[in-house]
Amino acid sequence: TNASGSSGSGSAVKVRTNAGERGTLRNLTKADLAATTGLNLRDIRNVDPSFRQESPAVLVRSKAIIVNLEHIRAILQADRLLLFEPMHPSVQAFIPELQARLQAESSLLPFELRALEVVLINVCASLQRHASTLSPAVDSVLDNLSSTGVSSFGSDSVQTSLDRLLPLENALNEFLNKVTMIRTAIDDVLSSDEDMSAMYLTSVIQSGHRRRRDEHEEVEMMLENYMKVIDSVHNEISATLRAVKSTENVTQIRLDAMRNRVLRLEVYLNIATVSIASGGTVAACFGMNLLSGLEESPHAFYAISLASVSTCVLMFRGILAFLKFKRIFR
Amino acid sequence: TNASGSSGSGSAVKVRTNAGERGTLRNLTKADLAATTGLNLRDIRNVDPSFRQESPAVLVRSKAIIVNLEHIRAILQADRLLLFEPMHPSVQAFIPELQARLQAESSLLPFELRALEVVLINVCASLQRHASTLSPAVDSVLDNLSSTGVSSFGSDSVQTSLDRLLPLENALNEFLNKVTMIRTAIDDVLSSDEDMSAMYLTSVIQSGHRRRRDEHEEVEMMLENYMKVIDSVHNEISATLRAVKSTENVTQIRLDAMRNRVLRLEVYLNIATVSIASGGTVAACFGMNLLSGLEESPHAFYAISLASVSTCVLMFRGILAFLKFKRIFR
Amino acid sequence: TNASGSSGSGSAVKVRTNAGERGTLRNLTKADLAATTGLNLRDIRNVDPSFRQESPAVLVRSKAIIVNLEHIRAILQADRLLLFEPMHPSVQAFIPELQARLQAESSLLPFELRALEVVLINVCASLQRHASTLSPAVDSVLDNLSSTGVSSFGSDSVQTSLDRLLPLENALNEFLNKVTMIRTAIDDVLSSDEDMSAMYLTSVIQSGHRRRRDEHEEVEMMLENYMKVIDSVHNEISATLRAVKSTENVTQIRLDAMRNRVLRLEVYLNIATVSIASGGTVAACFGMNLLSGLEESPHAFYAISLASVSTCVLMFRGILAFLKFKRIFR
Amino acid sequence: TNASGSSGSGSAVKVRTNAGERGTLRNLTKADLAATTGLNLRDIRNVDPSFRQESPAVLVRSKAIIVNLEHIRAILQADRLLLFEPMHPSVQAFIPELQARLQAESSLLPFELRALEVVLINVCASLQRHASTLSPAVDSVLDNLSSTGVSSFGSDSVQTSLDRLLPLENALNEFLNKVTMIRTAIDDVLSSDEDMSAMYLTSVIQSGHRRRRDEHEEVEMMLENYMKVIDSVHNEISATLRAVKSTENVTQIRLDAMRNRVLRLEVYLNIATVSIASGGTVAACFGMNLLSGLEESPHAFYAISLASVSTCVLMFRGILAFLKFKRIFR
Amino acid sequence: TNASGSSGSGSAVKVRTNAGERGTLRNLTKADLAATTGLNLRDIRNVDPSFRQESPAVLVRSKAIIVNLEHIRAILQADRLLLFEPMHPSVQAFIPELQARLQAESSLLPFELRALEVVLINVCASLQRHASTLSPAVDSVLDNLSSTGVSSFGSDSVQTSLDRLLPLENALNEFLNKVTMIRTAIDDVLSSDEDMSAMYLTSVIQSGHRRRRDEHEEVEMMLENYMKVIDSVHNEISATLRAVKSTENVTQIRLDAMRNRVLRLEVYLNIATVSIASGGTVAACFGMNLLSGLEESPHAFYAISLASVSTCVLMFRGILAFLKFKRIFR
């Protein structure tokens, strides 16, 4: 139960002991790590900070549990916990919480499982925090889109909402992806009886042999509980994404319906243009420098002006009546 | 078999006995609860009203069944039922039903399973009620959208239907999500023989040891029955959502097709504008203060007016014929 | 082997015997039914006509098989068959078929399984009939949509097809839902060895004890066979729905492409309008009552008229050349 | 090991022997077939040519393997192969191949498995042939759609590609459906140890009793191999369909983007129309037969003409500047 | 442990030995290969370069492991490795890596598993390389699309991004397909205890009999590790594809919203056209060669000109007010 810790360029490592004192920093090479923990290099890569894109994993090996969930990369052993990247802000915030909980905890579980539970609590809280920042932002954009009335459609507020929607949707997708991978990592352990019973590292060391495959009730119940929390985050994000999709879909149809309204209006305006052009042509004809025979008539001006305006009106009504009769437009 | 119940700020609790008398309210702290029921704090969080977002669950522990379904959060034991949040209206309505059924029931099942069945009956009825309020509202909107004739498309009725559709679709999605989670919670129990046989709490207490893994026929049949009800609600809502999607899809295409009709009309109107402008230009030319040599001709006015109108008509027909010949527009 | 049957308001029941004589009608209350068949009330609800929305089910109980598939709601026992809702037209049509087949059948199977096979034959035939009425109607609409040429797009025939498509798509979705649920009900039995071996009710009665879990070859082969028929209906309807989706998708794109063609045309017409208005403005200038100095020129009229028309043509060609040069429009 | 074969109206049958001689045709009724092969009528329906819509199946019965894959409907027994519909062209082409392979094969497998392998080889080759005719046709349409430049969008080539796409997509969907069903049929056998060990018909006849459930290595490896081929066809077709969907999607967006470009252009043209109409109105005002006081001015004509044209230009620039200032259009 | 290798037209083969010396080329016919390795012809087809479209596979046979992953087609045996297509550039690059790793490796694993690990390392690196070239290209296009402001929509940059998007999306789909198939091939082995324990070829040869089904811890951990890498590539590509879909979707809606803005603008322009045409018609009326009685009025010109312009303005405002009053347009 030695308390030690190290931070360096290659692989910064923080070690925590079973006892209550403050963990110290220590620099470990991969080879040291392999020697100390009995893990092979392939396994260590899962917690190596230089492999940033490694996917979340909870791997159970004979003498250690390797955890790579969110910001926490740790190796859990029967008597200590190696926490990597101790300078990362989230990890910095995690260390006092870890110490507090490990000391406070009056649980009957062995050290490695109590440490695992603290890690899971921290990861779940981190996921819930992330979800609770994303959802309201998305909801406000969706509310904005769905409450926009017909009349103000095509306005700036719709545009602004749409401009804000895409990055939010991408953030949701990315977060859902991460939650799904964490979920899969925990589910992989939950669905393997061997893995769960092998997680009692202390018990294996004390008894000297493996536990029976089905002796893992506490681990199973613990994992199931945090699984439920992750499931509920997963459900919430999925539901938000479905709402985004529905809103996008309906917004598109509403924009279409709005466009049809505007197009109807344009048809009226186009008919008006045609009608006025017709009336104008009547006037233009009498403006020709040709003998109409009405040049001296005192009422002709008013008659023809009236005729010109009537042409406008009659054309307008006539075209509409024609379209309605032909069932083309109404 | 003590009858007690309590309501308070921290964790309001209602306790029901096996005997017929009215349950009383009682204030329980989490620690009391853990002591009384033998559950650990992690499990109790599932029924704690302060954790509102916990997902539905039916958890089987050695001395209690923890139920968190819809509005009902309860701990079932061999000789009593702890019902949380007794002041919630749905829970208030549930209490007399619970008492009536527990007394009336002449079933041979032990108390904990009879209580569980009453909870399941209540939850299923609640889900069916919710589904039966959502579906007709959606159906009316969909009927409205799909029955809108071509001629009145782009009208207000389509807009209104679309405005009403989005909140309904979101409500459907949310409800489907809830039903799916309840379904999963019950299915988790149904797919675990250990859980089902461990649900006979009375039998375990009386015999003093666990039941065989496959002794759970009554529980299985009971859960299967309510599972079927939930499945049928799930199916109904899924089918409604599929109908919503189809209607949205086809509505969009119909709006598109309508728009193409209107665009065809606009092309005709544009051709008319071009034609009349051409005819007008003829008249405008003769309106110039220049010598056309026809100034004194007595018939020129009528000839040129006719020419102007003919230009309109010939342009119109000529453009259409040209477009038809070129197979551009017909 | 008593032949009996009953029809009433509460629960209309029809009972069929193993022997060949005509079944009679009988009115049974739920309590009678529970007493006669040894089923509990929860199970009976699956065949109770007053619970219309119950989902399809094949439930195996110790002394009866409960069947709720399509229009057929029946309780099969070792020596009789209770058929509910005997006044329903489909059930009326089923009764003679049932009698004929039960008598004709020279199968070695016990009564309950022969009766089950007759039910499955009837249900499968009903599903195939339904599928064979839906598919051709859909195909005709889809053919209509996909064969509509470009030139007649935006025409009434597309509109009519789209108006007919939505109810057909909804009918397909609803039918697929029903087939899926029937499929699931049968698959639930097929995937449970206990259920299948428990279906040999006669054998259990005669031997006095349960059959071995794996003694169910005839039942399995029988169910698999009808499962295949239902699968083939399911596949056909799914394929039709996929074709509907594809056609909708491509129709939408074709409408879009058509619209782009029409928009191109409108651009030409708009350019023409601009050009002719320019030319008209030239003429209008010379129509002003101002001194142009050309008033007495004998050729000015023709020159300026030509200039006006040239302006039209040059504007038209100039704008097009400009747009082409700028790669905006071609 | 009798070589026989028959073709008739009711059920045309072709029988092949273990020995090398040419198979003969024979007419078999269903009853004969049931008697000869020990199969029940329900099973025979899977190879009965009068049930055209039966879905693909490989059924293992105690004395025969029933195969219905693509065009091949056959009953395989320990000493012969009954091949149905011998007059179908694909089956005609298959018979010599079958004979050649059965004689050439120096495999140690029993007759029924060698025959099954020949059938699988033929079916896989047929599927690969079908896939290799569909894919290039689709690829050429997709290339056409995706390589169409912006400028020629809305052209006939896009329309033609879209017209060709829909039938191809439907053919792909239909073929994928068929491959999936064949895949399922083979997978059903592969996932059942009983079925695979029961396929050694010769061994069962010789030994007189069933094989152990896990004695089926050769069959499993053989089926796995052809499964891989079918998987690869399935993957290819699925990938092609995904490419179709993506191309459709992007094509639609490209059409939209193109439309926006054209609409921008129309805005410019509409602004031009408004501007020229304004300028024309200036000229029209001076064309009124009213006293402007400029009638005798020698330069007024040029001044006002210039003013008219300036009005056009200033309106055009002014409207654009206004829209740009208001951030409405740029 | 003979070191040999061959390259030829029919089937080019490269053989590697357990010992450290350079492998030599050798020409092998299929028959030789079958004789040397004890594999049947069906299995050999998986590594035969002439069957280009074979899907990825890891097949475990009694004396060899057949690997077909990405560019590597190999047969692994207890004492040698046959590597096909040695002239392929990727294979050429692989050979020195293979030699270096096989010699350097101080692992306790037998030769066949060390060789398999080297193959898996190479395949994983190749997939990661491919993913890391695709993702940035896609991201740049997506960033371009999503950052395009409203005002410059319909511009060339959107068009260019869309033109580049389709081939990238197809490349992503194709690559995802390949990764999925490789994933499936490895998962098939991981989910079969028999296959994994049979992979210890050396151990089987030395002991002379099969290993126990559950003796495969090293293989399982090794495969799981590379599975995780492939999973992470799979996740990355899936996430990128989802981002593509979301961006496409939102881009389409943004284009729609933009179009609505432009259409609003067009409505204003159309109203302006109608208004100016109306004003022009007033002027045109007074341009008629008819007696209006105002010919000599000194102020009429200004009055009517003003009236003409006022008509324009009043029409414009009147139409807008009317549309707003009727709630048609605002």
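As written, the chain order gives the labels A, B, C, D and E, with residue 1 at the start of each chain.
Heads up, the rule we're going with is that a contact is a pair of C-beta atoms (placed from the backbone, for glycine too) under 8 Å apart; a residue touches a chain by one contact, two chains touch by 3 or more.
Because the structure is a prediction, the values reported are computed rather than measured.
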* Whole-Å distance, subunit A centre to subunit E centre, using C-alpha means? -> 21
* **Inter-centroid spacing, subunit D versus subunit A (mean Cα positions, whole Å)** => 34
* Structure fact -> Touching at least 2 other chains, the residues of subunit B are 252, 256, 258-259, 261, 263, 266, 270, 273, 277, 280, 284, 287-289, 292
* To do: If you connect every pair of chains that touch, what shape comes out? Choose line, ring, star, complete or other.
  => ring
* Starting from subunit C, with subunit D taken as the next chain, the full ring order -> C, D, E, A, B
* **Residues on subunit D engaged by subunit E in the complex (per definition of touch)** => 146, 149-150, 221-222, 224-225, 228, 231-232, 235-236, 238-239, 242-243, 246-247, 249-250, 252-254, 256-261, 263-264, 266-267, 270-271, 273-274, 277-278, 280-281, 284-285, 287-293, 323, 327-330
* **Interface residues, subunit E side, partner subunit D - complex** => 42-43, 46, 53-55, 57, 59, 151-154, 158-159, 162-163, 165-167, 169-170, 173-174, 177, 181, 248, 251-252, 255-256, 258-259, 261-263, 265-266, 269-270, 272-273, 276-277, 279-280, 283-284, 286-289, 292, 294-298, 300-301, 304-305, 308-309, 312
